[in-house]
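Should a chain be cited, it is by its letter among A, B, C, D, E and F, assigned in written order, with residues numbered from 1 in that chain.
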Amino acid sequence: MRVPESLRALAWELPHSFLGLDEAASDLANAKVVILPVPYEATTSFGGGTGNGPGAIIEASRYIELYDQELDSEPAEVGISTLPSLMLTGAGPEEALRELRAAYERVLEAAPGRFVIMLGGEHSISSAPILAWADRLQEQGKRLTVLQFDAHTDLRPEYEGSPYSHASVMSRTHDRVEIVAVGIRALTSEEMRLVRRSDNIHVFLADDIHTGEAWHDDVISRLGEDVYITFDVDGFDPGLVPSTGTPEPGGLQWYPVLKLLRRVFAERTVHALDIVELAPIPGLTAPDFLVAKLAYKMIGYRFNGRT
Amino acid sequence: MRVPESLRALAWELPHSFLGLDEAASDLANAKVVILPVPYEATTSFGGGTGNGPGAIIEASRYIELYDQELDSEPAEVGISTLPSLMLTGAGPEEALRELRAAYERVLEAAPGRFVIMLGGEHSISSAPILAWADRLQEQGKRLTVLQFDAHTDLRPEYEGSPYSHASVMSRTHDRVEIVAVGIRALTSEEMRLVRRSDNIHVFLADDIHTGEAWHDDVISRLGEDVYITFDVDGFDPGLVPSTGTPEPGGLQWYPVLKLLRRVFAERTVHALDIVELAPIPGLTAPDFLVAKLAYKMIGYRFNGRT
Amino acid sequence: MRVPESLRALAWELPHSFLGLDEAASDLANAKVVILPVPYEATTSFGGGTGNGPGAIIEASRYIELYDQELDSEPAEVGISTLPSLMLTGAGPEEALRELRAAYERVLEAAPGRFVIMLGGEHSISSAPILAWADRLQEQGKRLTVLQFDAHTDLRPEYEGSPYSHASVMSRTHDRVEIVAVGIRALTSEEMRLVRRSDNIHVFLADDIHTGEAWHDDVISRLGEDVYITFDVDGFDPGLVPSTGTPEPGGLQWYPVLKLLRRVFAERTVHALDIVELAPIPGLTAPDFLVAKLAYKMIGYRFNGRT
Amino acid sequence: MRVPESLRALAWELPHSFLGLDEAASDLANAKVVILPVPYEATTSFGGGTGNGPGAIIEASRYIELYDQELDSEPAEVGISTLPSLMLTGAGPEEALRELRAAYERVLEAAPGRFVIMLGGEHSISSAPILAWADRLQEQGKRLTVLQFDAHTDLRPEYEGSPYSHASVMSRTHDRVEIVAVGIRALTSEEMRLVRRSDNIHVFLADDIHTGEAWHDDVISRLGEDVYITFDVDGFDPGLVPSTGTPEPGGLQWYPVLKLLRRVFAERTVHALDIVELAPIPGLTAPDFLVAKLAYKMIGYRFNGRT
Amino acid sequence: MRVPESLRALAWELPHSFLGLDEAASDLANAKVVILPVPYEATTSFGGGTGNGPGAIIEASRYIELYDQELDSEPAEVGISTLPSLMLTGAGPEEALRELRAAYERVLEAAPGRFVIMLGGEHSISSAPILAWADRLQEQGKRLTVLQFDAHTDLRPEYEGSPYSHASVMSRTHDRVEIVAVGIRALTSEEMRLVRRSDNIHVFLADDIHTGEAWHDDVISRLGEDVYITFDVDGFDPGLVPSTGTPEPGGLQWYPVLKLLRRVFAERTVHALDIVELAPIPGLTAPDFLVAKLAYKMIGYRFNGRT
Amino acid sequence: MRVPESLRALAWELPHSFLGLDEAASDLANAKVVILPVPYEATTSFGGGTGNGPGAIIEASRYIELYDQELDSEPAEVGISTLPSLMLTGAGPEEALRELRAAYERVLEAAPGRFVIMLGGEHSISSAPILAWADRLQEQGKRLTVLQFDAHTDLRPEYEGSPYSHASVMSRTHDRVEIVAVGIRALTSEEMRLVRRSDNIHVFLADDIHTGEAWHDDVISRLGEDVYITFDVDGFDPGLVPSTGTPEPGGLQWYPVLKLLRRVFAERTVHALDIVELAPIPGLTAPDFLVAKLAYKMIGYRFNGRT
C-alpha cells in the first residue's frame, strides 16, 4: 500500500507499521530498531488467539504518542523498522522453530547491530532468538542471561506431546543460558524441583514481589552483563491483560515492571527481546494498547541517552 | 512494511492489500483496478463503526481465492492497486466532502482509465465520486445513472442538521443523475412523494423483488448506458450482513444480487463504484468476508472477457 | 426525563418510547395502541437474557421509519403509548403470573378498546393475556383462537418443576382456547400425542411450510373470528434471530410471516398480541431491529384502513 | 462427574454427553452410535477456534428435543455413546494424524458395528477416518465414496508448508476414494483443473445448486453404495453458520441439505461421518445448535426404520 | 463420558471435573473435598448470567497447576470430588431453597466429614448451607460465624417481592449466626441501621480496608471458632472480576484476600464454604480463572499440613 | 413513558433517569443537581463509541444504592433532574459546539443555581461549559480553574483538521482559565513545551503520582477558589475503565481519585463538572457502573453537609 508519488500530497492514514511511522522513519537501512512479528500459534492450552497478537500490538501502537514524558524525548527518532509478519510452516513446531531460527539469523545479518524486537505469537517461538543470541555470545566467550517475565516457568520437558510447546520453551534453552524469571505464580512440582536444584535458574515468585520494589536489586544482581528479555504478557496481572491463554491472578503491575526494566536497560546490555502470548479479545483493545506501549517503553529505555 | 531485498526469500505474510496481492500485482502503474478506502464516519444513526469498514473488508479479502469458478478465471490478473486509507478532515461533513471530491479527482488523474472502487465509511461519501462522474460525463454530453443498492432511499434534504448526512446522500445528487434504487424498504413519506413525482428516480422496493428475478429486466431497462454503482451493504438482508447501522429486515439475497450485477456490467458501462456502510462487529467476520467477496465479484464482472 | 417548558426548544433526543414518539403521540388517552413491556425472566433453558428483550425492542424501534411503504401510510398516526416496564415479583412464576394477570386487566380497564401489545420477557407470561381475553370473549359467548408463532409447542404439563414455565405456557391455556401453532419444529413425543388427539390444537410444522405460501389458506381457515397472537421470536429462522434461548434451525422467513399476518389481521379480529423470547446479544442489534419492525408491521396491519 | 448411588435421587443436570443422555442410554456396550470428539486445531487460516467446536456442539445438543417430528420417532433410542475429547499430539499434523488413525481404528475395534460420528476440529482430521474406511472396504473389494459438504474442495497438495493441512485433506485421500463434493464455492485454478481431469471427483458448485432440488438426483447417482460423509460446516451459508474459519457467502440452506441427506442415508450405506470446522463465536450459540441438530438429524436418517 | 476399559490407553482430554481430576482422584468415597455446583439464577438485578457460573469455574479450573508454590504442595492430593450441577425447581425461590437445603443435607450425609464447596449461582442459595451448618453446630451447643466477602450486605428483609432474593440472603440467616462481612461498599440506609444496632453483624467497609493489612487482625478477632465462608465474587474489585451482576468499584484485591483467608483457615475451623455470583462474560475468561484459583487456594489453606 | 394516574399502583420499573429517581425526586424545579447528557461523537481516534456513553452511565446508575456509606447519607435527597440527551448538529464540530454553548446557557438560565453535570460524549464538548463558566466568573472579576482528570493534555492547537477536536479541547480554553491536569501520561513534545512555558497550566504526570497521596496537597494548592472539573475517564487506569478511545496504561486508581475529589469539593467552590469519553463495550458493564458511581460520589461530596 505504498502511495505513488503523484498522490503523496493527499491526507493518507498512518502506515500500519509500529507507531505508524512513515517509510523514512521505518527504513531498515537506517532504523536502529527492527520489529519482527511472528504470529505463530500451534500449541495453545486454555484458549487460542496468540496468532492475532502481533497485528493487534502494531495496530494499537499507531495511537501511541511518540513523545515519552518519563524520558523527555521521542525514542522513535532512532528509527523503527517494522517487518511484515513472518509465517512459519504448519508442518509442526520442531520444523517451525528451525525455520524461525534460520529466519532470525537472516534478519540479524540483514540488519546488523539493530535492536530486534520479536512480537509473538505463542511463547514457544522465544527459543529461536534465545539460542541465536546464546550462540553469538558463546563465540565471544560470554554467557547470555534470559530475563523472563512470565506467570509460568515454562520449564516442562515437553507438553502435549511436543518438546517445542509454549510450556517448555525455557526447557529448550536452560542448559545454555542463565534464567531469571519474574512474576512466576504457576508451575508444576517438577518444575519447582528443577528450579531448586539448578544454579542457573532464579525465580522471583509473584507471591513474594507483589509489594514494594526492594526485590529489584535482587533481580538486577542475578543478571549477567548480557541479557535477552522474553516477556510473556501473562506476567502482568489479568486485571491489566486478560487477553492471554492462561490468565493467572496476582500478576505484575505496570509501574513496578517499568521501573525494573529501566534499570535493566541502564545497568546491563540487552541484546534483543520478545513479547509473546497476547491473545487479543475482540472489542477489548486496552490490553493491546498496554503491550504496544510496553514495547515502546523498552525502546526508550534501550536508547535513552545512548546511540 | 516493505521487505528489504535481502529478506525477500523468507516466508512473509500476504500484504495487507486487497486480496493480499503483492507489490507487482498491485502496482498502480499497471493495475486496472484501484481500491480507495475512505473510512469516514461522522453522522451515524443507530450505531457507529463504519470507520472500521474498509480495514475489515481488505483484511477479509486476503482470504478470498483468486480463482472465480463462476467466471472460470482469476480476475485479479488485471492488477488491483490498494491505496492507503484516505483521511478526511474532522472539521465537518461539508468540508470533508470537498476534500474527498478533490482527492477523488486526483486519483482519477493519477490513474487515468482505472476502475476505482471506493470503500466506505458512511454513505455520505458517495456524493463525491457520483458528482465527479456526473461532471465528467456531462462534459461528454452524457448523463450518469446511479444504480443504488440500499435499504433506504437516502433522499432526505438534510438529516441531523446537515445536508451532507448519510441519509441525504442521494438528495445531494438527484438533480444531476438518474437514480435506480434497488432493495429499498425504509423511507419517509416525503421521500416517497419525491420518488413518485420524480422522473429520474426509480425505486425497486424490497417488498416487490424478494422472489424471482423477473424484475432484473426492469432494472436494466431503467439504466442509461453510463452507470455508477453505489452499494450500501444494508441493501443485503441483515441475516447476511447484520454489521451495519440500521439493519432493515427483508433485504436482498446473495445470488440475485450477483446475477443482476453480472448483467449490469455486461450490458452497460460501469465507470466506478463504491461499497459503504459496513460497520464490522468484533468477533463476527462473516459479513466482512461477504462484502469483500462482493467487491471481487464486481471486479470479475467488470473485466470478464474484456480489457 | 420530561423536558421542562423552558427547555423545549432545544434539540433533544427522541424519547425512549416505541418508535421514539413524543408525549403527544404516545399519550395513553388518545393512543389506539398500548405497548406493555414485561421483562420477566425466570425459567430460561439454554441461555438467559429475555429480561433484556423489551428494552432492546423499544431502543431499536426508535430508528424505524414511521412511513410504511407496503401500506403507503404512517401507522404510528393512530398513536402508540409505551408504558414503562412492568416488574413482576421474584417470589416465583405462579405468583408472578397472578400479578401479571391483575396488571393486564388493569391496563385493559385504564385503556379500554386499545390494542395492547405485550413485549416479553419469557414466553410463560403469555398465559396471562391469553386467559384474560379468553374470559372476556367467553362472557360474550365467543371462543378465542390463539395464533402461535413458535419453534416449540410449549405444551408440556410442567417443566423444570413448574407448570408456569415458558415451555408449558400453552399447556396453561389449551383447555380454554383454540390453538393454531405455526413454525413448530421441536416438541416432545408427549406433546405430539397431545396435538394429535386434540381437536383444538392445530400445528403447522416448519418442515411442511418452509416453501410456498399455499399453507396460508389453511392457517387462516383454522382461525376463529377472535384471535390473539403470541409470537415467540424463535419461530423465526435463527439466521434472522439468533438472539433467543433455544434457536432451532429451519425457521420462518420474514416475508412469508408478514404476508400471513397481513391476511390474519384483514380477515379476522385480532384483539391483542404479544412478542416474547428475544434475548438480545450484546453488539448484535439486527435481530432487535427485526423484532421491533415486526411489532410495527402488525400495528400497521391492524389499523390498515380502519379506525 | 458420576453421581454416587446415595445421591442419585437428587435433581442433577443432564450429563454433558451428546443430547445429555444418561449413562444407560450412552453406554458404549449397547449404543449403536458413538460420538468421537476430536478438538484438533493446528493449521487454521482466517481465524481460529475450531478446537472449541466439539465442546460447543455437545453442549448445544443437550437442548435438542429427542423426538424428531419429521421421522415421528426418537432416534436417540438406538443409544448414543459420547466419548471424551481425543487429544492429539502437538508435535505436528503428520504425527497427529497418525495418532488419530490409530485411535480411530481402536474405537472401531472397541465398538464394532457402531456408527461413529467424529466431531472436529479442523478438516485435516477427516483423512484418518476416510482412509480407515477406504482400507476396510478395499479388503472387501469395495470402493468408498466420500460425500463432502464444503465451501472449498480442500484439494491442495499442501498448504502453509504442510500436506496435512485442512486445505489439503481431500488431496490426502483422493487417490483412494470417489469424491462427491457439494456446496463448493471457493477453489484455486489448480484445484479446478484437478477436478476437471479427475474421473473420481465430482463437484457440485454452490453457484449451480442454490435453487431447486433437481440436483439431488445427480448427487445420488454419483455415489457408490458405500459412503462416508465429511461435513465441513462452511458448506452452510454464513447467514446460518458464521462460526467458521473462512465463511464463504452463497452457501447451502438447511432444508435442501436435510432432504439430500435423508435420501443418501435411505439409498446408500453410510458407514461413518464427521462434522468439522465449527469455530464457535462467544455469545452466539445458534450456529452451534444448528450443527448439533444436523448431527442428530443424520442419526435419525441413519437408523430410520432400521436397526 | 466415561471411557470404556478398552479405550483407556488413548489420550483423552482431562475430565470436566474441578481441576480436571480423573475418576480416582475425584472419587467421592475417598476425596476430602466435595464440589457442589448449584447454577441457580432467579432473582438477578443488573444483568444475568450467574447460572453459567459453576460451569465456567470448573472449566477454567482444568488449567490450574496442581502444585501450589505458596504452600509448596499439591493440595489436590486430598482428593476432590465434583458433583454434577444440582438443578433447583423453577417454581420459585422459596421452594428452590427448600429443595437445596434438603439436597445439601443429603450431600453431607452421603459424604460425612468432607469439606463441601458450593459453587453458585446467585447469592440467595447461600442461606441453605449456612442454616444447615448453624443447625448442626447448635446441636453441639456452638454458634456459627459466617465470614462474608461481598460488596453488598444483602441484609434486606426482602427484594423484588421475595424474602429469598440474593439481596436478602444474609437477612435470612442473621438471627441464627454471627456475621462478619468484608469488602462491603454498597448498602441501604436501612441495612446500615441494622448493622449498627446488631451485636452479631460486623461490617468491614471497603472504604476502610483498601490499604494495608492491619484490619486482618480485627476480622480474625471477630470470628468465632466455627466458621462458614460465603464468598460473593463482587467482593473483588471489578477490575479483577467484572463478571458479576452489580460490579461496585473499589473492591478487594487478590493478595490481601488470600492472606486473610490463609489466616482464617489456620486460626479457625472452617466447616464449609460457597462462592457465588460469578456471571461469566463470553470471551473474557480471566475472571473465571481467578475464581477457580480462589477455590483451589482455599482448599490448599484448609488442608495445609492437616488431614 | 409516564404512567397515567390510573396505573400508578402497579409495580413499574425504575425510571431511566440518573439513579432511577422518580418524577418527584427528579423534578427540575426542585432538584439541586441537573444531569445533561450530550452524546456527541465526531472526532474519535482509536475507536468510537463515546456517543453511547451517557446512556450507559444513566442505565448503570439505576443500580447504585442511594445511601453512601462514606458520607453516611443519601446524597440523592438533594434532588437530581436528568434531562434527555441533547443532540448536536451533524454539520461539524464548530457549529456543534456553538449549539452546545447556547444550550448550556439555556440550561443554566432555566435552572439557576443548580449543579450541572454534563455527561459526554467526546471530550471536545467540554469547552462549551468551561467557557460559559469562565465568562460568568470573569463578569464577577474571578478566574476559573479547570481541574482536568485525563491521560492526555488535549492541548493540541488542532487535530485531524479541526481545532474543535477532543484532542484540542484544552487548547480552546487555556488562554481563559487556569488548568490543573491530573493523571497525564500521553502528550506530544509540543504540548509538553507549551505546558512548561505556561504559567497557567499545571500538569501532574501519572508517572509521578501513582503512589501515595502526598501530591494531593500540591493539586489543591494549584486550584483557585472557583473550579470546574472535567473528568475524561481515560484518566483512570484501563484495568478499571478499558472502555475508552485511547486507553493508556498506568492510570489513576479509584480511592486516590475519590480522596482528592472530596478535598477539592470541601476546600474549593466547584461550579459544575463533566464526565466524558466513556465508550461502553457491549457486554462489559463494570466500567459504566464505575463512572456512574463516580458521578454520584461527586454529587455527595458537593452537597455534603451543605445546601
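We adopt the following convention: contacts are C-beta pairs under 8 Å (C-beta built on N, C-alpha and C of every residue); 3 or more make two chains touch, one makes a residue touch a chain.
These figures come from a predicted structure and were not determined experimentally.
Shared contacts of chain E and chain F, meaning chains that touch the two of them, come down to A, C. The set of chains touching chain A and also touching chain D is given as B, E. Taking each chain's centre as the mean of its C-alpha atoms, the one that lies farthest from the centre of chain E is B.
Under half of the residue numbers at the chain B-chain C interface are used by both copies of the sequence. Overlaying chain C on chain E by C-alpha atoms takes a rotation of 180 degrees, rounded in steps of 5. When chain centres are defined as mean Cα coordinates, D lies farthest from chain F. A separation of 55 Å divides the Cα centre of chain D from that of chain F.
Between chain D and chain E, the centres computed from C-alpha atoms are 41 Å apart. Multi-chain contact residues of chain D (touching two or more other chains): 11, 87-89, 161, 237, 239, 282-284. Shown here, the protein chains touch in an arrangement that is not a line, ring, star or fully connected set.
Listed by label, the pairs of touching chains are A-B, A-D, A-E, A-F, B-C, B-D, B-F, C-D, C-E, C-F, D-E, E-F.
The residues of chain A lying in touch with chain D in their complex are 41-44, 48-49, 51, 87-95, 159-162, 164-165. Those residues of chain F that touch chain C in the complex are listed here as 1-4, 6-7, 9-13, 15-17, 23, 26, 28-29, 39, 82-89, 99, 103, 106-107, 109-110, 282-283. Contact residues of chain D toward chain B in the complex are 45-47, 152, 161, 184-189, 191-192, 205, 207, 210-211, 237-239, 242, 244, 246-250, 281-284. Considering their complex, residues 11, 60, 63-67, 69-70, 72, 74, 237, 239-240, 254-255, 258, 283-287, 289-290, 293-294 of chain A touch chain F.
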